[in-house]
Amino acid sequence: MKSNRVLLSILGWVIGFIIFFPILWMVMASLKTEIEAVATPPSFFFTPTLENYFVVQSRSDYLNYAWNSIVISVFATLLAILIAVPASYSFAFRPTKRTQFKLVWILSTKMMPPVGVLIPMYLFYKNMGLLDTHLGLILIYTLINLPIVIWVLYTYFKDIPQEILEAAQMECDGLLNIFLYILLPLSKSAIFSTSLLSIVLIWNESFWSLNLTAFEAAPLTTFISSYSSPEGLFWAKLSAASTLAILPIMFLGWVTQKQMVKGLTLGAVK
Amino acid sequence: MGSINLVGVSKSFGDVLVIPSVDLEVNEGEFVVFVGPSGSGKSTLLRLIAGLEEVSKGRIEFNGQDMTNLAPAKRGLAMVFQSYALYPHMSVRENIGFPLKMAGMPKSEIAAKVQEAAKILNLSEYLERKPRQLSGGQRQRVAIGRAIVRQPKAFLFDEPLSNLDAALRINMRLEIMELHQQLKTTMIYVTHDQVEAMTMADKIVVLDHGNIEQVGSPLELYRAPDNLFVAGFIGAPKMNFLTGGEASRYNATTIGVRPEHVQISTSSGLWTGKVGVSEHLGSDTFLHVNVEGQQSPLTVRADGEVQLNYGDTVYLSPEEDKVHKFDNDGKAIR
Amino acid sequence: MGSINLVGVSKSFGDVLVIPSVDLEVNEGEFVVFVGPSGSGKSTLLRLIAGLEEVSKGRIEFNGQDMTNLAPAKRGLAMVFQSYALYPHMSVRENIGFPLKMAGMPKSEIAAKVQEAAKILNLSEYLERKPRQLSGGQRQRVAIGRAIVRQPKAFLFDEPLSNLDAALRINMRLEIMELHQQLKTTMIYVTHDQVEAMTMADKIVVLDHGNIEQVGSPLELYRAPDNLFVAGFIGAPKMNFLTGGEASRYNATTIGVRPEHVQISTSSGLWTGKVGVSEHLGSDTFLHVNVEGQQSPLTVRADGEVQLNYGDTVYLSPEEDKVHKFDNDGKAIR
Amino acid sequence: MKSNRVLLSILGWVIGFIIFFPILWMVMASLKTEIEAVATPPSFFFTPTLENYFVVQSRSDYLNYAWNSIVISVFATLLAILIAVPASYSFAFRPTKRTQFKLVWILSTKMMPPVGVLIPMYLFYKNMGLLDTHLGLILIYTLINLPIVIWVLYTYFKDIPQEILEAAQMECDGLLNIFLYILLPLSKSAIFSTSLLSIVLIWNESFWSLNLTAFEAAPLTTFISSYSSPEGLFWAKLSAASTLAILPIMFLGWVTQKQMVKGLTLGAVK
């Protein structure tokens, strides 16, 4: 019984290490020279160098891409939340016979392969002058994330007892007051973690950013792909670029971990 | 301050007619209980008065003024919900003070009012706590406190005690009754529990399928039920009903006699039967007697010390002046 | 077929000791009720017997054989759950037959057994329905049917009636009692409702905080409670407790007297008080009387016709031989 | 009041048409000649031709890609379900203090940008001989979808009353019987719609398929991207390829719509 537990623990840690290994490999590779990086088997002991990072920053303007990623993910998320809150509210608290169907329909739009609409979207953006603009990416990411944001908020709102809102209705006049004093404070952690989720999803999206931007509004996913171009792969530099691209979002995730757990599990578990 | 009048009020949800047409007068200061089984429309009726549901047809008047289409918050009524409906993100103090804050009362005045209500309800120590840190009974008291501070024209209670355990329920029942004695405000109370209705009400409104079956004081309903439904619903244990030959002897289709109005004897009586299961409560014993020619056993209340065994033959006689007679339609014959 | 013995059974969840140590004997054919407030460990005790929880310490024996570590299915017990726990994807027929199918019984035999159980429980018409198409009472009967077909060594009931409405609850109570009369199988029944315990049990086990407070027949508990907890828990309305001078007159720290053992008079008596709220049930009237020097009002049972008003002065006298005396530790003085 | 409703209805239909427009455009373009396809404004009246479809099938073997898509999405989904069912079961019915944390941790792995681990994964696949194989894609898609499949199944299992499983425990011996007779029949529609979701997600995935396959095991997403190569865009042919790529999954979605609605909303709404 007891030795079983120890074995299970060891197994768990081994699996954990295997899952974590690619990230470790990447960070290590980014600190090696190009020659060391392609060595097989990979060397675990080497003299770390920040060389790759300097090259990457000087060759392509990292900060420009990072800034674009931040602007686009934050504003698209804000817009999506602004649209999703009233939508989820009415789905959760004023359900009709067709609410279920509408919710599934909304989610089903996510099942369409994006390649299918690439051409018309590209032409549309070109004609409207939205190519390689922040606004262009913000709009498309808002629309792409809306179904998920609506679903997560809906799931959360649905868990708020109807009677609490009815009590509020008896005591304060107007929907705005109910929203400001009751609904918003009650769901702030859900809104917060939904926002984080949306930011992360946008941060990692590469299909539309690669196809609709060049440099002006290009986010970090474009930045990385410029290092995996066919003219020759540079493992160490690509690793440095990847590390730089992941860094901000990893940091954000780490800082907001507790809030995130609270928001994601409050509706589900408690 | 608060007489409430319903005139021809009806309510449909889509195609489903929940309340056909209700006329009802609630006088100022009265404690009125709506009682009925689930699906009787009692909660819907309360929610119509509160304004949480729209009236399909008819009129609701407060003190003679039509308020049918007024927003809930403008009606000046306070409601206590079954689940307490406290705001989980606010402390007890904020919960109780919330309606006053919404009404735009100055902070110092709110503080004083909250203090006062907390004192009445024994909540002074808990003012800084969040609802989740309170017991069921305390939560219920906070909900009542939130209703009191507004000094409403009337209180509406929607099965407020059904989430509490038995002992607490009896305590809270007495507290609400004391409150009514002190405030003398109109109260409308919804429950499915006829014991609550009997003990608390000045006036009981018995509902079934959205129709008012009878309106009256508890003892009026107990002594002179208008029909079979009210006769069977009010009183515990349930009234015994007999049909066939036993009933026609009284020129009725059905006769009813309450368990406490049947004399039991081991020697002679009007009806003969065999003792089934018996329930010993200590204070009383209820015997279930299978009488010949009747489908369901008759319940008889005997005093606490009676000892009869399963299968014994006994004789039952009703107290003649306590026999209720009903015609073919279930209406009482008087 | 089914005597059950608990020897020094204790249960902890993590660091929390829920049941310190319980010894209990349930004789063959007995109807035993575990009763106590929520958190008293009554359900945990039942689940230990069922095998749904692991015993932390101690032994559970069936007919003298140790079964402490046997899997639930191997214990030969049948359990009826509070939520009925019917399998939603199976018809009534399949639900009732499921335990037999699992036991590997041939199909024709299963069909016959299911038919028979359905007949006893008036479910024959509903055999092809799914649980969601049944009413609460019918679901409960299916759950009982599923338990009966197995011919278990004992039945375990975990608050089986608490999801039913009042009228149905009384009916199902009688049905379960009839069932016990017919089958004579050992039954262990958990409830928080002392009325259910009093009416159904051969033997009541009163639990509080995981400890057995008293074991005895309903009338033993009613007439001679061992301590304050049992005295206050058994009997409705609750026993009145008096302390201070009134108690020392009887050489006790606390005395208790039940509402039905207090005489009320408008002229003279042992204690003087003012009438508070009164509860008119028709059959009885319960008066709450504020007696001088006592914190909480005394409840007094008067007959249905008494009419006293709020604030009237009345005199109360206990029936001397029905006064319960308790010492400093709350133990009964006999 | 009434005219408001009519206006709202019209507005709804207009928005619906706008959302639907890109798909319509694509299907129309696939039936035009290359010259008609690039005309601005697009013409709505033209003589439809199936020419593009024939060209696409003869130039690149459509059926090969479609077959790869089917094999990969079906087997990766099966594998994910096989792993997720016991995992979700233990999360839902044997929760510990750390269950919440573990669930969030599982989901958080989805927040890692895939570019971050592209290099180590590529090298790993190369060394193991998994590049451009069905097995390689099946393995990575199983792992990618596992978090979502576990969450959806967990959410569903959690709604099954514990007492039903306890009743089963009293009556049938062994976890296998409980699983076969109680849990599986109870959750078959949830498992079915989760599987569909997983198939759709894999079908539309392009990042890993583009980077880890060439032709042998390449699914339809690779097939399309070969038509949007830099050597010159052919709108009409790309449209035909896209239509062909979407067709199977749209058909699947349409056929299983009812099952899907049932499975997705049973836990959430009822």
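For this structure, a couple of remarks:
We just call them A, B, C and D in the order they show up, numbering each chain from 1.
The working rule: a residue touches a chain if its C-beta (ideal position, glycine included) is under 8 Å from a C-beta of that chain, and two chains touch if they have at least 3 such contacts.
What you see is a predicted model; the values in this text were computed from it and never measured.
Of all chain pairs, the one linked by the most C-beta contacts is A-D. Centroid to centroid, with C-alpha atoms defining each point, chain C and chain D lie 54 Å apart. Centroids of chain A and chain D (each the mean of its C-alpha atoms) stand 18 Å apart. One simple way to say how far apart two chains are is to compare their mean CA positions; for chain A and chain C this gives 55 Å. For the pair chain B and chain C, the distance between mean C-alpha positions equals 25 Å.
Contacts with at least two other chains are made by no residue of chain C. Within chain D, no positions touching two or more other chains are listed. Chain-to-chain contact here is organised cyclically: the chains close a single ring, every chain touching exactly two others.
Contact between chains, as defined at the top, is found for A-B, A-D, B-C, C-D. Against chain A, in their complex, chain D makes its touches with residues 19, 21-23, 25-26, 29, 40, 99-101, 103-104, 107-109, 111-121, 123-124, 127, 155, 158, 197, 200, 203-204, 206-207, 221, 224-225, 228, 235, 238-239, 242-243, 245-246, 249-250, 253, 260-261, 264-265, 268-269.
Across the complex, chain B is touched by residues 37-38, 165-167, 170, 174, 177-178, 181, 192-195, 198-200, 218-219, 222-223, 234-238, 258-260, 276-277, 279-283, 286, 288, 297, 301, 304, 310 of chain C.
On the chain D side of its complex with chain C, the touching residues are 161, 163-164, 166-173, 177, 181-182, 185-186. Contacts from chain C toward chain D in the complex involve residues 50-52, 71-74, 77-79, 81-83, 85-89, 98-99, 102, 146, 150.
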